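When the chains are written out, they are named A, B, C and D in that same order, and each has its own residue count from 1.
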Amino acid sequence: MKSQVVTFLIKCPDQKGLVAKITSFFFEKGFNILSCQQYVNSIEDKYFMRIRLNADGTEISKKELEENFMELAEPLQFKWSVNYGDKKQNVAIMVSHTSHNLYDLLERHREGSLVCNIKMIISNHDKLRPIADMFGIPYHYLPVTKSTKQEQESQVINLLDANEIDLIIMARYMQILSSNFINHYPDKIINIHHSFLPAFQGANPYKRAYDRGVKLIGATAHYATEDLDEGPIIEQDVEPVTHESTLKTLKRIGADIERLVLARAVKSHLQNQIIVSGNKAIVFPEAGE
Amino acid sequence: MKSQVVTFLIKCPDQKGLVAKITSFFFEKGFNILSCQQYVNSIEDKYFMRIRLNADGTEISKKELEENFMELAEPLQFKWSVNYGDKKQNVAIMVSHTSHNLYDLLERHREGSLVCNIKMIISNHDKLRPIADMFGIPYHYLPVTKSTKQEQESQVINLLDANEIDLIIMARYMQILSSNFINHYPDKIINIHHSFLPAFQGANPYKRAYDRGVKLIGATAHYATEDLDEGPIIEQDVEPVTHESTLKTLKRIGADIERLVLARAVKSHLQNQIIVSGNKAIVFPEAGE
Amino acid sequence: MKSQVVTFLIKCPDQKGLVAKITSFFFEKGFNILSCQQYVNSIEDKYFMRIRLNADGTEISKKELEENFMELAEPLQFKWSVNYGDKKQNVAIMVSHTSHNLYDLLERHREGSLVCNIKMIISNHDKLRPIADMFGIPYHYLPVTKSTKQEQESQVINLLDANEIDLIIMARYMQILSSNFINHYPDKIINIHHSFLPAFQGANPYKRAYDRGVKLIGATAHYATEDLDEGPIIEQDVEPVTHESTLKTLKRIGADIERLVLARAVKSHLQNQIIVSGNKAIVFPEAGE
Amino acid sequence: MKSQVVTFLIKCPDQKGLVAKITSFFFEKGFNILSCQQYVNSIEDKYFMRIRLNADGTEISKKELEENFMELAEPLQFKWSVNYGDKKQNVAIMVSHTSHNLYDLLERHREGSLVCNIKMIISNHDKLRPIADMFGIPYHYLPVTKSTKQEQESQVINLLDANEIDLIIMARYMQILSSNFINHYPDKIINIHHSFLPAFQGANPYKRAYDRGVKLIGATAHYATEDLDEGPIIEQDVEPVTHESTLKTLKRIGADIERLVLARAVKSHLQNQIIVSGNKAIVFPEAGE
């Protein structure tokens, strides 16, 4: 594990001594603790930790580390995951007609600010194929009709699973996914909704924002769950608008918010900054990384 | 009208030549046009103007000006109002338990940034009387129960009308006003709602924001209409929050947003910057004033 | 001029009756006034107007319109320009090593939110050629050394003039341009500076921001003038940072600000929203366009 | 120490095992760790920790705790402080002519969001005494001229020391303090500067912002150090302005920023969230408190 940054994400019932026990465990194994972030939800008595380790001072194997950690984790009822930083995550992007989020993600990936393998773009339309071609990413056109919806989803699942996809980004994919699909990828689907949720859930949020005469519009990135637009919120932002802002203006300003919000959410996910708890996302800030 | 800033607010069906006709009218009467702001809603074919005039170059009387203006206004179907800037507006503030908006408005008034006469504070509780006393504003304690609601509203209306109140500010007044009351003061009641409307309409918005796990919280100032929290939005703002933010933190951060949002909305109203059209508020920006 | 949006930008000494005279002129010629925005600088006694016209109701030719307008303009000392909306502006982008602004501009152009002809990319390095190729834009590699600086600038000027370039965007072009070059293109060069000017003028702004321990970083788009980073500011924005933000983090967050700020400034320029007056840029907001 | 929240602030050279050693120390003494925030500056090899403890599970005395902690702290070269949460900090506010920050601080104190004892207001003018009277705070008028500057500062120091003042807030106190004064209260004087530092250091920042034509104005709260406006920055914020914004408008918008920025900085200081390191302030966010 030399020169790697190992990240553990832990959630468990709150109890005395957790931070001492966990940090002592890693210290005794020879790790240097790069950062240690915790959050205590004192209403629900839950404890959350994100701890990043430098493995340079230890000879321990992954297997041994995990076996040893299990001995700590079980009596304290940890739910935990570990990322060894030695393998980029595999990502699939799903789109329909709208291109700005797709462009933005591909550009950030190309520039090195989103570290992952973008393995494929999947769309129910053929429209955005030229962008995939520009960036040299495989494009899968899988059209969907009411009668073929279930079959199309099966095709998508097959593609995702065959490519060992770790994260699915719905970058303005305008189809409602079935519960079956969603539950196949828990906390692994990030959706961008083009409103400041919970305002304007569902269809046509910009039109409804225009009709309501709001003075700010927003966007929300969240994990997709069975309840449409109800999943854990990762990131939100807004921009001011005025009475002069036409629907077209709202969409243009909104596109800029969508870009930033989705990119930030994806980055937080790829950097193992997020722990989901119920319908909330605990998003630890970057810690000098 | 010497040395006065006269402000006309005009709305009418859109048609060719409006700005030329209106500005020529005032130019010919000898006014200097300080600023002329317009907005064309091309979907609804409506035209809106806010025009500020310096009266130094004219001897015309108010009566003559208005009679002359009528001749222009009628064929073009203007709905219009004029403010001669020679009389501060009379304001009443309604509160319940929460004091931060009240303090803020009184301080801004004291410092000269809200130019008006704060004639009275009306409350259904006696709790905030000491603040009224600090600032030397009359405080009317008019308690309300289910059975006395109608009677209490009548008392409030009597107070407001006896004092020729031009603007009613509901600075966290936690009673739902009857349609009768609302319709008595069209476009003259400004309410602060402690959420980013239309999210979290109704009761306990901070609690619901906490439960939903939003990453931004907001506040909205709007004109009160019969439909609760559905009136024309004047001003909105938000601040970021995190998973660490407790309900208490949300309320504290929210209080800062509420202060700014309500103060800005009141200032825009007092400076005759707002024209209401349907359920929307056209808020012209300050024009060098 | 059928179906065109004609935009006049006017600046002149402030005087009574300007808006009436100008709007009456266009009304009498048969134009419909889509929007009329003005700004009076009462300290300097200067008047500024941006007026957008729909030409559908008039048969007047450009030549006749301009000749007639001259009769109004001369006695009132107008400095003015007109854009007939019938020809996209020609744009050149100058870059060095950094690609995020280039990607962003090309993407917005491709998506239709920046309406112009991007005729060429000019660089003192060959590094970003692949991006030009992706988007099918000619790329001119014109290296520069101390001894060849003057010659290289001549080559750039030749290229720009041969292609009738209307706007030069310095999208992180890291060479200081000579006064000769700058004065060749007055109010036609937009530069992005990666700080919140006037803080951190000159080199290495992110490093200096890091060293100073600021809690916000920013970016500024401005017209290039002889005094480095002193030109009229068009657009600025900031984002919060913390003590945890490394220099790398500042650069990454900064890149997002640079993208938005430069794109907004370019859009405002292309839409004829800007009048330069001394070292300030008057940027009229979009008016329902 | 029952029911108290004890906060330790620690800085030391970075080294392996720090978090494990520190948290184990407190765990073994019987404390419950409410939050544990750390920051590693890997460029300067420095380590910083803020740790909040609940003392309910321990019988240890303050004296014993500190003696024991010294044994840990010395070999690891800690610089540290502890706050037992059992005594409100004593605060003095220094002002000159401008009242908005004073009002704001007094109101927040009154409402309970700034938890401290405001022991006195000191001013070189008598102008703001009525505000002190409204809120029932002693007001000390200590005028200053060039020749009496040193003497006046001695009077101020005597007042502050006689009242055991822990924090001095310069809420628009428009006198430059001597090095002698500043060094008497290291990291204990918070100043509000009415610009986005390092832009517009020194006098008349709003005038200079107006002259420069910036599109955002800001405010900065920082610890006062010998170099004017060069001290560690605690908090900064900005608001957009336009070409329409007059100097008066900048001051009014700026006052709102100053209020928020100073109040947030004071709150962070009072809640022991800040560690100063060189010319930077490490400001830990609230941790569920």
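Structure notes:
Operating definition for what follows: a residue touches a chain if its C-beta (ideal position, glycine included) is under 8 Å from a C-beta of that chain, and two chains touch if they have at least 3 such contacts.
Keep in mind that what you see is a predicted model, and the values were worked out from it rather than measured.
Any chain that touches subunit A and also touches subunit D is listed here: B, C. Chain centres here are C-alpha means, and the one lying farthest from subunit B is A.
Equivalent interface to A-C within the set B-D, A-D or A-B: B-D (over half of contact pairs identical by residue number).
Residue numbering at the subunit A/subunit B interface overlaps substantially, since over half of the positions present are found in both copies. One simple way to say how far apart two chains are is to compare their mean CA positions; for subunit B and subunit C this gives 37 Å.
Chain centres here are Cα averages; for subunit C and subunit D they lie 42 Å apart.
Multi-chain contact residues of subunit A, defined as those touching 2 or more other chains: 39, 242, 244, 287-288. The residues of subunit B lying in touch with subunit A in their complex are 39, 196-200, 212-216, 218, 232-238, 242-244, 279-283. Looking at the complex, you find that subunit A touches subunit D at residues 16-21, 23-24, 26-28, 32-42, 57, 287-288. By the touch rule above, subunit B contacts subunit D in their complex via residues 99-100, 103-104, 107, 110-111, 113, 134-135, 242, 244-246, 249, 252, 255-256, 260, 285-289.
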